[in-house]
Amino acid sequence: MRQGIFQIIENLPLARDIMSLRLGGDTGAIVRPGQFVNIQVEDCFLRRPLSVCDWDGDSLTVVYRIAGRGTELLAKMKNGSLDVLTGLGNGFNTALSGDRPLLIGGGLGFTPLYALAKNLIKEGKKVQVILGFASKEQAVYVDKFKALGCEVTVCTEDGSLGLKGYVTRAMEGLDYSHFYTCGPEAMFKAVSDCSLTSGQFSFEQRMGCGFGACMGCSCETLYGVKRICKEGPVLMKEEIKWRT
Amino acid sequence: MADMRVSLCGIELDNPVIPASGTFGYGYEFAELYDINVLGTFSFKGTTREPRFGNPTPRIAECTAGLINSVGLQNPGVEKVIEEELPKLANVFHKKVMANVSGFSVDDYVYSCEKLDKCEQVGWLEVNVSCPNVHGGGMSFGTSPEAAAEVTRAVKAVCRKPVIIKLSPNVTDIVSIALACQEAGADGISLINTLLGMRIDLKTRRPVVANRTGGFSGPAIFPVALRMVYQVAQAVKVPVIGVGGVSSAENVIEMMLAGATAVEVGAANLTRPYACRDIIKELPAAMEKYDISSLRDIIGGAIHG
Amino acid sequence: MADMRVSLCGIELDNPVIPASGTFGYGYEFAELYDINVLGTFSFKGTTREPRFGNPTPRIAECTAGLINSVGLQNPGVEKVIEEELPKLANVFHKKVMANVSGFSVDDYVYSCEKLDKCEQVGWLEVNVSCPNVHGGGMSFGTSPEAAAEVTRAVKAVCRKPVIIKLSPNVTDIVSIALACQEAGADGISLINTLLGMRIDLKTRRPVVANRTGGFSGPAIFPVALRMVYQVAQAVKVPVIGVGGVSSAENVIEMMLAGATAVEVGAANLTRPYACRDIIKELPAAMEKYDISSLRDIIGGAIHG
Amino acid sequence: MRQGIFQIIENLPLARDIMSLRLGGDTGAIVRPGQFVNIQVEDCFLRRPLSVCDWDGDSLTVVYRIAGRGTELLAKMKNGSLDVLTGLGNGFNTALSGDRPLLIGGGLGFTPLYALAKNLIKEGKKVQVILGFASKEQAVYVDKFKALGCEVTVCTEDGSLGLKGYVTRAMEGLDYSHFYTCGPEAMFKAVSDCSLTSGQFSFEQRMGCGFGACMGCSCETLYGVKRICKEGPVLMKEEIKWRT
């Protein structure tokens, strides 16, 4: 974990209430896709944890939804600098991907999967991606995944783009070596149930600190208690204790 | 040369800055960031007799100038703390640590304190009779002078090290509780624990934290903490540790003027990982600004006259 | 079309926004700024049997997200209020006003309430048993269920109009006090009054306010107020007025979800003279955002389930 | 009283820890010298009340000392806008000045006296001014008073400029028709005692609101209770109840 001051390079809308924020600064602490950053927004007491969607040596990109006061304030910032904690969380384990990994994103869940896809493609893997959205209007980043060389299937709840229905529908009959998923928790159980292989889930939780100090985001797993911000946000399919 | 040393129950601290229990884990997360030996000491995660997961999530709600937490004393239990956490801590922290203990019965407190008292690394026991998150649990001890005194007496009977009782602010008369603890043998009083607070999510129309209410901390509660420290410090003879919303060197000085011998920093550690290191760095300049050569000299400075 | 109307003890309010006593004088300062008839009503300056200057100055201290005041019930006394203030108010405010009353003995309360109850302009009596600024004064009534009930019973015996008891948050168990007041005939409960707080001036090393401690209000205390409103609203059958740190339309909605029938706005009036007018203006948009067609429907919405 | 948004025209140091802030905006509510404004500083809950030192149709100037967090933050603002309440307080009564008014300022107490002097000069009065400072370094605005055509006597506690000693020393033997004073309360009693005529005192007090709502700044006078922010800050010599 590293604390640093980042410059706002751009902070632009991708779709209604969906913003893309690119920050310039020291990204040295980010070592794996699936890690997150924790951003101090002025006039908010707590930081805002956001998955890293993409990063290079001196910049990183997060995609966020304007959902509350903090993100509303953040969306208004068009320049200046931000106090950011980087390199948070365990991130995805790419060593387990196998040759034909499947990436499943629900809503903004695609964000950590983009950096992951980039990584897996670089490693020469055949990357299949399922992106689920509420509707066509919300379907962002589809072309970006394609541009990486991924095989992309889009699903929308209202059928306005791609398959009509949930991501699980697109999983049917697919052949894959391992899966990685991020999205609403409601989607996770369904994905787990219809999955044929082992896989990794990136969880969300309200956090106090984001670096393991407050125990605010703890969850029980089959192998003991884990902090989503520290031992997570990525958990293996085999360790998850589903809330029944 | 600014002298920041203070003596807490017979043990000298290089400075009065102490990360508060529950905001500093067992120290490692922060040891990765800076040398935590710069601290006066720190109070480790509230420890109970049995391991606890704590309350269901979400456990965190944001507030103006603060946050609500309903962690509910998540900890691995006193045995594991002694067998695993303390040895690991020894590698990164070479001062005496403050052992924070919670319980749900007098026996619980006695059991955990007796074990921790025997640990070489432990300098003080901070007995939390005030955690507002456990229904019918710690709360009850902290809200009655008799119950607080009973815990104090029982713990003192099995401990050789200084016992500091951490009080709840959610009471009508905190002075009477502090006096009862002193009467029962407490070597020090730390206050305040969190205020009981709540937030509601306007979208879901439900409380933000699963436990509905939780402990409210942060700069917002500083004036309440300062008032209670001022009241208690006037009433008791034992040292008082000021806790509640402290987030700057100025806040540390203000707490000490109110009567605090040492000061705990809580919520600030969560949003500013280097908060305690920075406060310690800023103290000498702040002391000079307010013409203070030795922090010892200003303890309770606002009480008399 | 957003319906903001609520019924408070049988009197309909156009909206639930009520400037809190002590932050709105007797109305004129604000009537010069905007038409105060847009308010649901307002609670006028705490009135006592005898005229009072209040506490020595300085009486104000700044805090993070709030302020401390130790005004100490400055007012011209109930006779002058009735002879001079109310007639002047009649020129600028045409709704029923809430008469806020404080006292230092049961007789005081009875004396002032009986007189104000007879005033045509007065719609409700808000009995303050909780002002933390008067040593040995109002405070004692608000910190014991028996004393609070005694005042309530005595006042009810001489009043025909709804009697609302305003409670202090500086207690261990506010629910028991609210229940005692209801039992004694209270028609409503308003909470919370200010938290007892303090600041110290680092330069002078003395408390900032001459009275040493004072009442802490502002956005900082909202989570404590909300928690207490939530607890009390679940326990009592009479309407609850939510008070404490409210400074936006969202805060009003959150208080109502916690169980408040109406909401008082205090400190916000002091730093933003148009605060209440603005909050009322912003309410319809906020209601639409959170899918609320009638504010009546969300009262206590976060309590069940 | 009027609430308005003012633009920062300049915010410059006049001496060590003494700043001059010029604001552009609607000054229509300011009707008398001796009135004050109440400025909302970002990150401070309460506004900062400051006497108006000078004003014209669309700008006003305040002079303040960097004394705490609020003024430290204010001093850092070099541009942008501020939320300001204007036209606060009663101000000085110039009708009582007579032909040869005496203005007595202690420290930054000169600020409301400058606008007053301007006014009195315009009315053709012979204005005598005594300015007391700790030392030469703190002695600001002396030339500005002279430029208005005032007869200025400067006193410094350390004698580094003008007379050595307090303003009362400069009052001795002076012939004046009425006096106006502003400065530390410690100075007021001495000025009152050695004054030969009636006069007006501009008081300071910690305020909650600045416009009469909170009763935070009340003081007892021989003619009843007055609010420094509303019936004050200017009180007549004859009504003041001196704290003994």
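For reference, chains read A, B, C and D in written order, and residue numbers begin at 1 within each chain.
Assume contacts are C-beta pairs under 8 Å (C-beta built on N, C-alpha and C of every residue); 3 or more make two chains touch, one makes a residue touch a chain.
In this text, all values refer to a predicted model and were calculated from it rather than measured experimentally.
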(message) Centroid of subunit A to centroid of subunit D, CA atoms only: how many Å?
(response) 59
(message) Can you compute the centre-to-centre distance for subunit A and subunit C, using the mean CA position of each chain? Integer Å is fine.
(response) 47
(message) Between subunit C and subunit D, what distance separates the C-alpha centroids? Give it in angstrom.
(response) 36
(request) Note the residues in subunit A that touch 2 or more other chains, in rising order. (result) none
(message) Quick check on subunit C: which residues sit in contact with 2+ other chains?
(response) 61, 63-66
(message) Based on which chains touch which, is the overall arrangement a line, ring, star, complete graph, or other?
(response) line
(request) Throw together a list of every chain pair that touches. (result) A-B, B-C, C-D
(request) Show which residues of subunit A lie in contact with subunit B when the two form their complex. (result) 1, 3, 40, 44-47, 70, 85, 205-209, 211-220, 225, 230
(message) Quick check on the complex: what are the subunit C residues that touch subunit B?
(response) 61, 63-66, 68, 143, 170-172, 195-200, 202-203, 205-207, 212-213, 216, 219-224, 226-227, 230, 245, 250, 253-254, 257-258, 290, 298, 301-302, 305
(request) Could you please specify the touching residues of subunit B with respect to subunit A in the complex? (result) 22-25, 29-30, 32-33, 45, 53-54, 57-67, 69, 71, 74, 208, 218, 267, 269-271, 273-274
